[in-house]
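Read from first to last, the chains carry the letters A, B, C, D, E and F; within each, the first residue is number 1.
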Amino acid sequence: MEDIISEVERDYIASLIAEGKRIDGRGFDEYRPIEIETGIYQKADGSAKVTMGNTLVAAGVKLIVGEPYSDTPSSGVLTTSAELIPLAAPTFEKGPPSQEAIEVARVIDRVIRESGAVDFDALCITEKEAVWIAFLDLHILDYDGNLFDCGTLAAIAALLNTQMPKYEDEMVIYEEKTGPLPVRDKPMETTFVKIGKGIVLDPNLNEEQVLDARLTIGTNQDGDICAMQKGGPGTFTQEEILELVNKSKEKAKELRKLL
Amino acid sequence: MEDIISEVERDYIASLIAEGKRIDGRGFDEYRPIEIETGIYQKADGSAKVTMGNTLVAAGVKLIVGEPYSDTPSSGVLTTSAELIPLAAPTFEKGPPSQEAIEVARVIDRVIRESGAVDFDALCITEKEAVWIAFLDLHILDYDGNLFDCGTLAAIAALLNTQMPKYEDEMVIYEEKTGPLPVRDKPMETTFVKIGKGIVLDPNLNEEQVLDARLTIGTNQDGDICAMQKGGPGTFTQEEILELVNKSKEKAKELRKLL
Amino acid sequence: MEDIISEVERDYIASLIAEGKRIDGRGFDEYRPIEIETGIYQKADGSAKVTMGNTLVAAGVKLIVGEPYSDTPSSGVLTTSAELIPLAAPTFEKGPPSQEAIEVARVIDRVIRESGAVDFDALCITEKEAVWIAFLDLHILDYDGNLFDCGTLAAIAALLNTQMPKYEDEMVIYEEKTGPLPVRDKPMETTFVKIGKGIVLDPNLNEEQVLDARLTIGTNQDGDICAMQKGGPGTFTQEEILELVNKSKEKAKELRKLL
Amino acid sequence: MKVGQPEKFIIDGKRLDGRAVDELRPLKIKAGVLKRADGSAYLEWGGNKVIAACYGPREVHPKHMMRPDRAVLRTYYNMAPFSVIDRKRPGPDRRSQEISLVTRQALEPVVLTNLYPRTAIDIFIEILQAQAGTRCTGITAASVALADAGIPMKSLVPACAAGKVDGEIVLDLFDIEDNFGSADLPVAIIPKTGEVTLLQMDGNLKGDEFERAFKLAVEGCYQVYEKQKEALIEKYGGGD
Amino acid sequence: MKVGQPEKFIIDGKRLDGRAVDELRPLKIKAGVLKRADGSAYLEWGGNKVIAACYGPREVHPKHMMRPDRAVLRTYYNMAPFSVIDRKRPGPDRRSQEISLVTRQALEPVVLTNLYPRTAIDIFIEILQAQAGTRCTGITAASVALADAGIPMKSLVPACAAGKVDGEIVLDLFDIEDNFGSADLPVAIIPKTGEVTLLQMDGNLKGDEFERAFKLAVEGCYQVYEKQKEALIEKYGGGD
Amino acid sequence: MKVGQPEKFIIDGKRLDGRAVDELRPLKIKAGVLKRADGSAYLEWGGNKVIAACYGPREVHPKHMMRPDRAVLRTYYNMAPFSVIDRKRPGPDRRSQEISLVTRQALEPVVLTNLYPRTAIDIFIEILQAQAGTRCTGITAASVALADAGIPMKSLVPACAAGKVDGEIVLDLFDIEDNFGSADLPVAIIPKTGEVTLLQMDGNLKGDEFERAFKLAVEGCYQVYEKQKEALIEKYGGGD
């Protein structure tokens, strides 16, 4: 994820922000334009494509039937993966997922899990034996920053779009659907980056390349905090963190309205 | 495992040995100070930490229940691994085990297996279906030479320290113990290296770096030979080998007394 | 598979071909000398060693019992692999199979499968539960070009040589045989390469190194086409392709006679 | 007989998806759909949804792949996990490695790699939804993405398959025909000369069937070529 | 409800391991425990037994990771197979990769990497016994190992978590609380300025609960900081 | 007792394959059997069928393995999937990695690596059929392949094992003896000096048993050495 950027650009973006301006003219707390399409990949059981500015994430959900974990014998399973495929940026590489891709997938997984968005108990078919296992795959197609928020939006949109296939005689019949995946919450993530003294929402790639610190905050629809992740080589003050937590709830509400 | 060492050091160590001296002042047949602690990692079913001079090896045993091999349907299974983690030496690398780590694990595994140290038949739960599988993991924490002897000592100490968890209703209950792992022998390995014309016991790192040939001899408590492994780019004469086999039994007895 | 070759050699081979000559004196439609030995690796259930000029391929078939694929519940399974081991050429590398090895294995697999050479239905033991799984492994030992044709010949020879082990009480008894593997056809592949304006059969290594385009055509014993694969950085005209398809049938007949 | 195989593939001259035997599935191509890539294209071809991106000419890593006299052309075909009914495990399998290889060889004859020695031209093909024929879709998309990136080429390369079902030669198989049919023959050509840059076949064809299928596939390529040109005209104006 | 979950976590104001809600587990730190490493530290923190080693500044392999203006700081978190009840398979998994990443970012703000351009500073964290809170234990240990190696730093970095069980905010979760509790919030700080270098959270916290938990974790960090200093004084004498 | 173990291994002084206790299995060696390799050898030793190839001196990849004062000797032992009753999965496992290592150390004492600094000498050993004793077969073959490649050596290196079955010391175990016997002792030597370059053992031997087995294995090596020389004389004429 580390694009090389000249010192000059770095100084330019930071000085803009010091003057209260952003490189693309947005307000500090403003998301880029967002578009959401759902149900577009028909071999998936649920899917969505989300653009946030020029960042483009495709999400697909596939359901299979398998054994539950032994410590949660009557709960379904969610497996979230993200692939930063080399199509999406000159700096993404082939091979196993990078630490960055793993971080994105794990933080998105965390907010879905901790918010109780998916009713895992309803995904049990036979206790200890058979439960639904949902694979949520995030495919980054164009990378212009802020994968956490764009990816979460795509993930939730795809989960909301998911129809359960029929399960009969120990076979999954993907062509027949029995109803929607039980989704009870719409958690969202909002990501802020600190550049110099300024803090801006929804960083684009240029801003990510010069960030000092990053904070992602995930909240459920009641406004409870469900996931947080600080990133970047710099720090936040304690006051900044408390302030961003408050701001995050508002911004998450905005995102939630788009679904 | 290949540290770079200058020709000067090589000559110095070899010439010392030619004069009957070792770089750390020990006798040719003398082990470095050895300390053994057992039962120190409580999530393991058995554990030990052994220091031999500055070499430090942690060993842990974990027991699970699984299927036996089809050619030994009523025997438990032992799987020995060694990891030369990059914490232990500037030359150890991340990634899958090196040839050296594999060799250490296999030679230690061999002496345990061939000496009959573990009563594998007593580890059978239900023939063909369920047996105890013991994972013996050797974690090298500080590397100052002679992993074979230090590792074997740690392995045997950990096996002797192992308590069998309870197995009930097809579940392992790790919190309850039913008695010690059935250990019937205390095999030991003793490692000699030839540097120039001299042969010394328990090489430290400096000596390993300049060795011509290495011979590890594993014996059981009756003094039978159970495992041997020659290493290094040089040779032994047949007389040297026969002599070292004899010496090995004595030295193994010394080690065995420490347990 | 990419040996470096000088421009000079390239020009020399191409100009020879333009004059109607080949570097080793063969006719354009002539195979190198072929030798076939079968049944030579006795731990395999079937085996063959084929030399085509200096290209040497060993093939072995091992049969195990396993579960069928869910969409073909009463059919056996064939798994074809090819290894371009570094013994066979200075340019072959250790590690997972290269794209070239995968291509060779897949194209050979294709002609066996599509020709119906193996009667997979006869390999069913119990529907949905147990079928014979045949591993066909091609081991390239000396590489002097044209792995497709030499490999197919070795594969078919090994399959024809295969004896089914006995299956009793859910155990495979490899020492007892119950009869030959049901092989119904002898598909062959014939490979042509275009160098400049000329097209020659059975390229040796020197010719492969300077080829513009390659066409492999697989036919069954009725002369039907079962597999094709174009390779190389250049092109064929449509006329050339139709002509080679006709020529291929003749040449495949010649190969088939050697079995 | 495989589970799920239909009894007939052609009923009253129509295929199961309603097409005539020599009819392509609907094909839409859009050039320049990604911001980061140097060139890109999006295709919907029947139920295939495919995106291709081109990066280059750019530095070569690892260095030993560098060629002193030309650019190396590298192609990577990948299926999204949700692109097929049975989730595809991430990462390259043997099938996708073979397709990457033949895709490269289908494009190499037209790309003027000698203009950019010591560089790499990388093409990534991402299958988002698969309904048979993804390699032809990918090659067709890649060729447009190369053009969109401004990589000098002798020609666009359209690709199209023909095959056999119910004993009849048909154009552009869709998934049921591909899974249960008796032959599949993907072809790619250089339209101006008619030269063939991709040719694969699996199945069972008599000599005359092969000839008919081959010619039908080539005709299909010319239809695809028109769509490629339209996509580029739509973005850039003018002809190719 | 998960298998093995206790009914209550706090009984008569005491947690299941006997601690008060704002009490740390016993913490012992020893600096300089390994011979080969340039710096090292061993921590016992409750049931966590962790060793950290630092190598560097040293040559960078592979070369392309080298930075012309600074040292690259690399962190590797690893669990010994026998450190947990269910044997951990050797090698990095997704969890340990994420922890390696946040550990690096927790330490980067204090290490003066610009003093050693073109070099690497490598930190290895080995979990020998795990009882929840291993990432905080690892960061705390790593920071002492860096100091022991003489790597110039602006400050030590202590780390500590807070969380929620039975609806109460508690300091420094141990394994039962971590497995079955309702929130975990690990934090690392720069003591002099109070700046936050690590912040993660998973669970469910109301806004005011977050604030309380966050402040409790920060207080925990200051307690941990005292132990870090003691360990260094014990080895080297003097203050930090 | 393992499944398939015979009751007796030696009946009326004869082993199960008809040999005397101190008798080698039939051994045939042919030098120079491959075209591409710089040197090669094919061995049939009882039921072992093994081919060894040597490439070098040649360029070293990766570069960091290069040594300024000598050639690096690299050895790769590999089993064909069909070489054993239970199909061997392709790729190196722990056993083959250990054998690769001891094979290198068995050959290093004789190869004059200092004559070719900054190069690699690579030896590949391919087991096509295995009947116990493949490491000795491989070393014996490799040594002939090195000679066939013209690599300067102080000596050929023959290898041979002894072992114990039914309480008796026997030469050159075959598979049943190896699987169910009570000791295996592979040895390689430099014939002129009698120095030992390979020595491994697993099983259970009293001191005097070891001495007898060891001497028997050494005698076996000298018999193998005669065959190695014959193979080279057959190809090149003259003695070594």
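Definition applied: contacts are C-beta pairs under 8 Å (C-beta built on N, C-alpha and C of every residue); 3 or more make two chains touch, one makes a residue touch a chain.
Keep in mind that what you see is a predicted model, and the values were worked out from it rather than measured.
Engineer: Identify the chains in contact with chain A as well as chain C, in label order.
Structural biologist: Chains that touch both chain A and chain C, as defined above, are D.
Engineer: Centroid from C-alpha atoms only, then distance chain D to chain E, rounded to Å. What do you get?
Structural biologist: Distance between chain centres: 51 Å.
Engineer: Centroid of chain B to centroid of chain C, CA atoms only: how many Å?
Structural biologist: Whole-Å distance between the two chain centres: 47.
Engineer: With chain centres taken as the means of their Cα atoms, state the distance from chain B to chain D in Å.
Structural biologist: The mean C-alpha positions of chain B and chain D differ by 57 Å.
Engineer: Multi-chain contacts in chain C: which residues touch at least two other chains?
Structural biologist: Within chain C, the residues that touch at least two other chains are 97.
Engineer: Can the chain contact pattern be summarised as a line, a ring, a star, a complete graph, or none of these (other)?
Structural biologist: Drawn as a graph, the chains make one closed cycle, so a ring.
Engineer: Could you spell out the chains in ring order, with the walk beginning at chain B and its first step landing on chain F?
Structural biologist: Following the ring from chain B in the direction of chain F gives B, F, C, D, A, E.
Engineer: Chain B touches which residues of chain F in the complex?
Structural biologist: 2-4, 94-95, 97-98, 100-102, 105, 108-109, 185, 190, 193-207, 210-211, 214-215, 218
Engineer: Where on chain A is chain E touching in the complex?
Structural biologist: 70-73, 97, 99-100, 102-103, 105-106, 110, 113-115, 215, 220, 223-238, 241-242, 245-246, 249
Engineer: Can you tell me which positions in chain F touch chain C when the two form their complex?
Structural biologist: Those in contact with chain C are residues 34-37, 47, 49, 51, 53, 55, 58, 76, 78, 80-85, 87, 90-91, 122, 124, 126, 128-131.
Engineer: Quick one: which bits of chain A touch chain D in the complex? Just the residue numbers, please.
Structural biologist: Contact set of chain A toward chain D: 40-44, 47, 54, 56, 58, 60-62, 64, 81, 83, 85-90, 94, 96-97, 135, 137, 139, 141-144, 174.
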